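You will see chain A twice below: alongside chain B first, and alongside chain C after that.
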Partner chain A sequence: MKDLKPSKPFSNATSRKFLGITKQDFIKYFFGGNATLAVIIIIAIVWFLIHNASTFFPQYQKKLNLYRISGQEILDFYAKENNAVAELSGLCVQAREYEIQDRLGALYRVIPIYSEFKAKSLKKIIGERKELKRAKTALSKIKIKPSVTNTEIKNAEDYLNNCKNSLKKAISAAVNKLDFSQVKNKSWPTDKKYLQPIRDAIVENVTTGKKPQFISDIEAQEAKKIAEIDALPFIQDLIKSKTAFNKPIPAMNTFVEELRIIADKTKAQGNKYNDVPNTKASLEKAISLAKTTEIKQEKQKELNRLYTIEPDYNTFIKPIYASKESYKIHHSALKEAIKSGFSTLPDTSKFQGKAAKAFIKDINDADPAQTLAELNAKVETWKHDEKYSMGQTVKGFFFGTEWTTNSSWQDFYGILPLLTGSVAVAIVALIIAVPFSVGGAIYVNRLASKAEQTFIKPFIEFIQAIPSIVLAFFGYVVLGALIQEYSQSWMFSWIPGFPVEDQYTILNAGLLLALMAVPTIFTLCEDALNNVPKAYNEASLALGATKLQTILKVILPSCASGVIAAILLGFGRIIGETMVVLLVLGGKISIPDSWTASAHSMTGILAQEIGEVNEGSLHWGALFMVALLLFSIALGINYVSQRILNNYSK
Partner chain B sequence: MININNVSFSYDKGKTEVLKNISLDIPEKKVTSFIGPSGCGKSTLLRCINRMNDLVETSMITTGQIDVMGQNINSKEVDPIELRKHIGMVFQKYNPFPKSIYDNVAYGLRIQGIKNKKTLDQAVERSLRGAALWDEVKDRLKDSALGLSGGQQQRLCIARAIAVQPKIILMDEPCSALDPIATAKVEELITELREEFTIVIVTHSMQQASRISDHTAFFYLGELIEYGQTDTIFQNPSKKRTEDYISGRFG
Partner chain C sequence: MKLKTITSAIAALTMAATAQTKIVIKGSDTLGAKMVPQLTEAYKAAGNNIQFEIAAEGSSSCFTALLAGTADFGMSSRGIKSKEKDKFASKGQEAVAHIAGVDMIAVIVNEANGVKALTKKQVADIFTGKVSDWSQIGGKAGAIKAYTRNTSSGTYKTFQKLAMNKVDYGKNTRKMAGNEQIAEAVAGDVNGIGYVGLAYAKRDGIAAATVDNVSPEPANKTTYPLSRNLYYYTVGQPKGEVQKFINWSLTSPVAAKVINNVGFIAPDILKKSASLK
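The block that comes next holds the complex of A and B.
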């Protein structure tokens, strides 16, 4: 106090300065600096994404132009026409297969069940089989020994017989434990009368090593039945249809394949020519950096050899334009095939099997004539030197339904399959997660006792701490198989998309992602509920409302925006998740047609492909576009939820 | 109307008693005020009457019984939800829902399952008129209730309470958050409501108690010290403590 000048009692003369900075200033600069750094890093990331993605569209446009000018595009139109008809033929084959399967019923599954059971039983008698093998080798060794006594041989033979007996005993015991409830695929029809013969056949096969008579009988029975089914008039018709659909396919295939060689050549030249500036630049760099004159000369030679004249596309394309004449013939053959194929196609009602009926329905629903007409129109108006506009290129990326990379033919970067995959998983996950997390938050916040609260909350929040790879692993190994197995049950057959055919599906990934979203949504929702003034609760109860009415009519509406923001942020959490979708989604790049189908995702494709592409390539740019889109989605979601929360807190 | 008989009450399973052996009978269609220093248990007793104390899990009435309209409200067969439909409550801090004015007033009826638009319209108008608010808000029924002034919001809460036509209205310091003009309006309203409802009001204002109430109960440290006609209590209290409190010597 003595030091203070009485005239300036509040000056900070006492606080020490370091380099002219006081402690207060230091704290300010420290935190201010941190905040600035965060902003700079975000800007840097955005710049990095945009910088790398920016080359994509011009590059893609160039590639698409080459795709067109080389004639690949029109050949794809041809091939698509062919595929549209070939598909029908394939559906006919499937319909017949499944009809046979259905009509054969339990008989059809005897041999697969026999194999499954045999593998299962063999696992239980590993010890006995090893012992038997050992006894056999022992016996054969003894026999070739020079001085062998009869008793020795006899002992070995006895031992071998013993082993054989114990093997027989073990396998009999093993097979007797088998019954049809153990069959992996629960949807397979079974028949009690086959159980004992299957058991006996396994024993017979294991002890004698021969194909059991029962199995041969079954095969004969099957063959006979199949012949009978094939003789049915409508199956005959079906086979006729199949043959009709298939008739023009091979010829058209050859026709297209031959032309493809020409287009491929043109494209290769075009690619080389387009790459000249790059190659030139890298060669020049190499020359300037070369250590010896030898290398320099070598590179110079290469540089001189560079093919700098633009390929003569107009000449190269001539045979492809000329092919239009033959195409017309093939086209009408396809049209003819469609007509005659449909003319003999049997009615759905003739089939017994559900699956077969579905295939016939698929054929009837397909409109190949329309597809052909559309493609034909494209072929007619097609011009090889018409350039792809930037708009078309951008549209091709955002609305393209094909993501094909590393193709020897043509790469396509259409994001729709990935985007729809990501969104579909996120929606399935939300549909599962929202009731649990919002309901859970309501329960914990409003209805649970103190003890329950202290138990449930940390438990749910703990889920967040589970590393996503662990969850993904669980989904990969356990959950997929479980869903697949239990979805076969008739109890779920009314659910669309069931039974689930694959292990790695949107449903599987959605379940895991739901688990990951629950803590986020739950915690934010609980916060929102906590922010509802207690007075609302009291006012409502005092008016004679029940707890449930109070929650539904007062509490939830007054924190609705908080809940919506929580759900949105949960969505953001899900859409950015990578590990689970990479492992569990199935990696099938196509627009999913069901919530139990396999799919691929934006995050998954990034993780999977970024390691294997060359820096600066088209594929590289495409991946950065995906990353940029992902970033924008995340940013958008965050922005919207912040806005909602801000409006709400006003 | 409300017969409180020898009631003791505890918030912590009987460890400490906040109310001690309270007995008083509250007559029908009269205004009864509870006065007393802070923390003496006025709100607690009020909340016993509509069983709002049920929200505190550890609370319990340790002795005695409360009868409302002749029925023991703590007996097993009483549904607190039903009870509260007949006993309205107005809180110290006005607390309309973040809904429109109309929806606030209609809330009590809607949760009873009334959906008919005409019935609701009529009830809303009647209640708002009853709460002397109709003229001020009739053109903005669809606006948010939170846009009203404090006094209007409190009257809206009263309208919300009377919309379900309860027999009794409990008011816990309804004017403590209001300015004098708004207070005067609410007081006027209370004197009008007396015609129809039995009103129990907790207040810290001696003037208010003497102005509006017919009966007054004075509490001190959880005990009922004196209860009787308001005039008697204010002009001629029989207990020394009451006199001290009223004349402002403590509290």
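The block that comes next holds the complex of A and C.
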């Protein structure tokens, strides 16, 4: 009956003690210590983030104040007014060109396709081209030789002719393989009748080096058609509008440019003055560290040269206040331009092309008068010495739409473009990942046979083992181009945001991140399904419900909290991912307007910019603010999912 | 006796091991992707037993690395900023600049793009986002996709100063990690435009546009509006192997040939070093 004696793993009251600690105590302290260490590290990380980010807002406020007091701010208002009207002129130009594109059809793209095909086929005959070049130089070398026989020349010439022939053969073979399905931009209209002439023109150009007749003909045809279109009354009106919109722009441009130089100088002085304490400290330290008296004296001189009086902003700003008079003239010129431009603007219905119609609609939808009035109000009430409040600064960070760093004019740190980019990618990824992973979990847990289970589960969990950089690389090199190419097919044209114009987009990154989130969601979902008491399943089946009914009506509702928590944790996994968004998202720092646009993300900007900033600078603080925000989001998601699990799983 | 031979053998071995000194170079992608690696190869081929380690992540990393002491010398495609100078001063150091060569920033477009001549103003308008469609500057209809370097790049800042009158980049510009990536993106996109160091403008599929009717060629170095100096930076005057290498790369005809071959312009008048004040 020895076996019944309970075994005690560490029970050994009489064991040896070391420094008064038994083995059991030691193990206890070891694990306890580990847990404490983890807590301390987390607290240290949080403190480190907050400590580094804390300098951001006061510094940012100072910078914004300088932006205002130097007059840069009001000049940006001027420039924005100007741009609002210049944009209309640009839209007019686009409307005309797109209308031409639509009316010309395949003709419009003959020359671009010719150039594209030519580049493509030249790449295929590199060997022949090199050989020809060699033959040519050989011949010219022989010709200038003092003693040269006719046979030598003839041989060289024959060889040159041979090369020419083989080049011609090669290029003919290369062009014959070309057809319109190879054009990179699938939205370009094509016409069969141009294919053979394009091929011939390439051969002609490559063999003779001259501009082919066909291309000149096409140019002439195009010019003729464009002249016809330009003669149409509504296009005439459009051109009138464009000229009207554009009229005051150049004058106002030069006006702003001249003032910018003044503001820039003031700002440089202000920056220098604000940096004086730092520069002073560093120079003093340099003096104390200096090895020779020469260096010491030099540094001392530099130290004495530092500004000690604040720049006289009130004097510097005078020319900018004075500019308000001329601004009024420019402002009314802009208003006038808007009026006369809109008066001749042709109606949308006159245009044939969809794109052209859209541009005219854009012009009509724009409310430049309103924009101008708003900016004008800002200009009128603007005061250079009114300070930015802390509230405005904080708001500027959390709701700012501009993230501009390392600028020669003014840095802005508005997180909205990055935040929306990150969230947009995460949402796209979740929409793709959730059906697959939740569905997969249900199938594997409830419906699959044993053999299927042992096959599928490790497979999905294996995805987690793929390093994110490998996936990112795949997206960068393969997936982007694939999406771009196939999205141009007419089959997908009904999807909003299609055709995809970029290789590096939210969609591309979202697809890859979905793949990375699937194992997380799948595994957690499966756990949740496993936790459903067996009795529920059996009771439901015993009452005559089918398997599907049981799953949808009994099993899923009873583990809904687990599924939601799984999805949330998947979201957390996605939003913290860096490599994929850094490579595949396109690096465009603006609020995305479509799910197929390029964007930037919070994690991406951290990875990209942290290496370049000086410790303690404003930019440094801004990046730590981003990191802090990211940390808070992750913490929030974890907290919420824990709460859901605890509250509803009872 | 035996002991003596063993110790001398060990001493000889350690001598051989330490004879190969390592020089760590960090900074600009413009210099560090092609020019400096090829210079180091040529330097080694000239019989110098030195190991080089090069990391090219943008000019700003040149100064952060020098400050941290993780590089023996730095490469930069822009001059040092006053704030960076302060950082050096506060450590009792000074960053010394050596002009490594002259570069032209080429504005590149896709080969199949009809627009191959731009004015400086048009370039500015494109990158500041004022112009968004090729039709606005005399090309075929198509939305412009402007590719720029990322913000740690010296080229990013220099271009803003030289071409854009310090106005900020437009919101729709796409930030790329290096010259090669920009060239690659423009080559794959008819509507793409970007800027790269001259050395990268000769790739298949892209063409360098003329700016104000001047094409970016070494012969036009005085008239091309977008040219700038390239620098090596050292902490204090260079010493030992670093000094040897820098001197060689600034003065030797072999180095000049390498620099010109890569597509930059070798420093003409060989200033030994010009401390930027």
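Rule of thumb we're sticking to: the second predicted complex is superposed on the first by the 592 of 650 C-alpha atoms of A that agree within 3 Å, B and C clash if a C-alpha of one lies under 4 Å from a C-alpha of the other, contacts with A are read in each partner's own complex, and residues count from 1 in each chain.
The rule is simple: a contact is a pair of C-beta atoms (placed from the backbone, for glycine too) under 8 Å apart; a residue touches a chain by one contact, two chains touch by 3 or more.
All values derive from a computational prediction rather than experimental measurement.
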If we overlay the two complexes on their shared chain A, which of chain B and chain C does A:A290 touch? Say first, second, both or neither.
second
Going by the contact rule set out at the top, does A:G400 touch chain B (first), chain C (second), both, or neither?
neither
Which partner does A:G105 reach: the first (chain B), the second (chain C), both, or neither?
neither
In the overlaid three-chain picture, which partner chain does A:G576 touch, first (chain B) or second (chain C), both, or neither?
neither
Please work out whether A:G497 is in contact with chain B alone, chain C alone, both, or neither, and reply first, second, both or neither.
neither
Of the partners chain B and chain C, which touch A:N614 in the superposed model: first, second, both, neither?
second
The answer to whether chain B or chain C touches more of chain A is C
Would you please give the residues of chain A that touch chain B in one complex and also touch chain C in the other complex?
none
Taking the complex as given, what residues does chain C use to touch chain A?
57-58, 60-61, 64, 82-84, 86-87, 89-92, 111-114, 130-133, 135-136, 140-141, 143, 145, 150-152, 156-157, 160-161, 165-169, 171-176, 188, 190, 204-205
Contacting residues of chain A [partner chain C, same complex]:
83, 86, 90, 93-94, 96-98, 100-101, 108-109, 111-112, 115-116, 119, 123, 184-185, 257, 260, 264, 272, 275, 278-279, 281-283, 285-286, 288-290, 299, 355, 402, 404-410, 481, 501-504, 586-590, 598, 600, 608-609, 611-614, 617
Complex interface listing, chain A residues touching chain B
449, 533, 535-536, 538-546, 549, 553-554, 557-558
In their shared complex, at which residues does chain B touch chain A?
50, 52, 55, 57, 81-86, 88-89, 91, 93, 95-99, 107-108, 110-112, 157, 160-161, 164
